[in-house]
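The letters A, B and C name the chains in turn, as written, and every chain counts its residues from 1.
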Amino acid sequence: MSSELSAIIESLIFTSESAISTDRICELLDEFERDEIKSALTEIVACFQGRPGGFELVEVAGGWQFRTRPAFHSYITRQIKTRTSKFSQSALETLAIIAYRQPITRAEVEHLRGVDCGGVLKSLLEKHLVRILGKKDIPGRPLIYGTSKEFLDIFGLKDLKSLPTLKEIQSLDEIPQFERQEELQLEPEKVNLEESQLPLE
Amino acid sequence: MSSELSAIIESLIFTSESAISTDRICELLDEFERDEIKSALTEIVACFQGRPGGFELVEVAGGWQFRTRPAFHSYITRQIKTRTSKFSQSALETLAIIAYRQPITRAEVEHLRGVDCGGVLKSLLEKHLVRILGKKDIPGRPLIYGTSKEFLDIFGLKDLKSLPTLKEIQSLDEIPQFERQEELQLEPEKVNLEESQLPLE
Amino acid sequence: MTAEALNREELPLLDGMHEQYSVHLDKFDGPMDLLLHLIKKNELDICDISIAVITRQYLDFIKLMKDLNLEVAGDFLVMAATLLQIKSRQLLPLDDQEEPETEESDPRNELVRRLQEYQLYKEAGMLIGARALLGREVFARTASEPVLTAVQNLEGPLEVSLFELVDAFRVLLLRIPAESFHDVAPGDSLSIADCINEILSLLQEKDTVQFEDLVKDEFTRERVIVTFLAILELCRLKLIRIFQGYEHGSIWFVPAVSSDLAEV
């Protein structure tokens, strides 16, 4: 660490209750230029990345925070209890839909998932991962939901743009799907089914 | 930082709620020798002393703790003085009553909360979340309160109609249909579903 | 009841898949999830699914759930209806006027689109869930130095969510008995004067009255407050005297003019 400014910023991030944004650092240190502060931040990140210590500086939910490296979690949990339990598949699906499609209504989430999502939504609201954005200007004025700052914070995302893009996911999936296509072999079964087992007949 | 052990110890000290003693560290990391741990600690201290960063590792009250360097005290207090304030439960309740029951007098708010609300009301008025709408035409002509434009801003609401109704929140509580699936159905009926229970038929 | 024995005969189609279903029964996160599973299991292309195969197996699954005495959620039945509707549309001979099946008129399209989208979000959810989570794999500093918390301020920006606001109101309403809530209008409130008269008439019958006796029939916050105010007023008017045996004990009061207790 060379400059004093870096040290000052480090002390601010270190004592901040939650992630502290670049804007906020600039506001607090108004005797320094924004550019100076930005390059000092880059310097600190590089410094902690360079030394394989127990923690590092990361940018999450639009702010800076020192966080332990994931590799050491098994040692840390000997000391402190983990607070976040595993998320259920339905919670993650609902979160993903809200994250990618926000602002979104409950009915839209339910249409996509094909199931009632009231309970899941409530628990996501209670965990502050999802928030109510307001009401949609359509008949019935349903509530619209979006993800919160805590969502980014907990999942270690800088902003919503840092979410894996859906296209990436799609391309990951394309290959196995293509392979599957060639192995199709359902003709005999299909005929049989249509002739004898139609529920509608 | 050279050894992995140093990094592990760092992460333990970093996440400890208060200073952590050498004994405790040895206890948590019982796969390492006490001597190894001691020299790793010396290593970490030296490492942080070597770099003039914002904080350092110090031994206090028989334990280890990362602390900011005293030199940066004046910067840190700038942050604490302007820390985001969390809403107290009483402020939240009072604000909720005013939001949902406006126009409302102080006596009515107090009747609902069962406690004096003078102090809370004053602080809500000071924060410009609540405003005085006028005086009520009843004996004593008490002041009547309502929420402000700032209130809408903070909660990201377009207008008061966008406030979620209690019913909307309560409807989330209803047991999701899908979760009920796991409950056992006691009646012995084993009717052929395809014939009798599909909505289409 | 062992459903397996029963089903072997009734559902020859499910033979062999049985154990797999039994294990995964509660793992399906709704009808879309089940459909995706069936498509994968049959090695079908999501864009060109055989509705007949899928519908058949989907219905068998629902039947199995019934046989296992599991309640079939409405969401699953809605999907069953959708599948049957698509299937029936495929089977019906086309009207002469109608164009032959094109991409757009394929009744499967809507379902395929939904399935594809659902699959995207399902996978996105898994990716998000696989991240190192704060409080689970990654930790921030938890130390709260007393010096830091000592300085509290009320000037900084506020941090609160809309849900917290509504929930505070909801919890508040749960705490307050319903009847007192509907009594907000001051005009309808129990008056202190009425309460004073009530207490005075009670004291004509008995020499001592306990505070609890006055409110036990109508234990609402409003009643307690009004009664308490009435007592204070009576005391101020020197009409009663108040006693308390010990700290936080019951409050007793006697008429101030009562002859035998006047000296207490």
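Structural remarks
Here is the rule we go by: a residue touches a chain if its C-beta (ideal position, glycine included) is under 8 Å from a C-beta of that chain, and two chains touch if they have at least 3 such contacts.
Nothing here was measured: the structure is a model prediction, and the numbers come from that model.
Any chain bridging chain B and chain C, meaning touching each of them, is among A; the list is complete. Most remote from chain C, judged by the distance between CA-atom centroids, is A. Annotation: 18 Å between the Cα-based centres of chain A and chain B. Chain A and chain C have Cα centroids lying 24 Å from one another.
Shown for chain C are the residues that touch two or more other chains, namely 29-30, 59, 73, 75, 78, 84, 88, 139-142, 148, 161-163, 166-167.
Multi-chain contact residues of chain B (touching two or more other chains) are listed as 11, 14-17, 66, 80, 82-84, 156-157, 164, 177-178, 194, 198, 200. Interface residues of chain A facing chain C in the complex, by the touch rule stated above, are 14-15, 18, 60, 65-70, 73, 76, 80, 82-87, 89-90, 92-97, 99-100, 111-116, 125-126, 128, 131-132, 148, 153-157, 163-164, 166, 169-170, 172-173, 177, 180-181, 183-186, 189-190, 193-194, 197-200.
By the touch criterion stated above, chain C contacts chain B in their complex at residues 26, 29-30, 59, 62-63, 65-67, 69-78, 80-81, 84-85, 88, 139-144, 148, 151-170, 172-173, 176, 180-181, 184, 186, 189, 221-222, 225. Taken together, the chain A residues at the contact with chain B in this complex read 1, 4, 6-17, 20, 28-29, 47, 51-55, 66, 68-69, 72, 75-76, 78-80, 90, 106, 115-122, 125, 132-135, 141, 143, 199-200. Every residue of chain C that touches chain A in the complex is listed here, in rising order: 29-33, 42-46, 48, 50, 52-53, 55-56, 59, 73, 75, 78-79, 84, 87-88, 91, 114, 117-129, 131-142, 145, 148, 161-163, 166-167.
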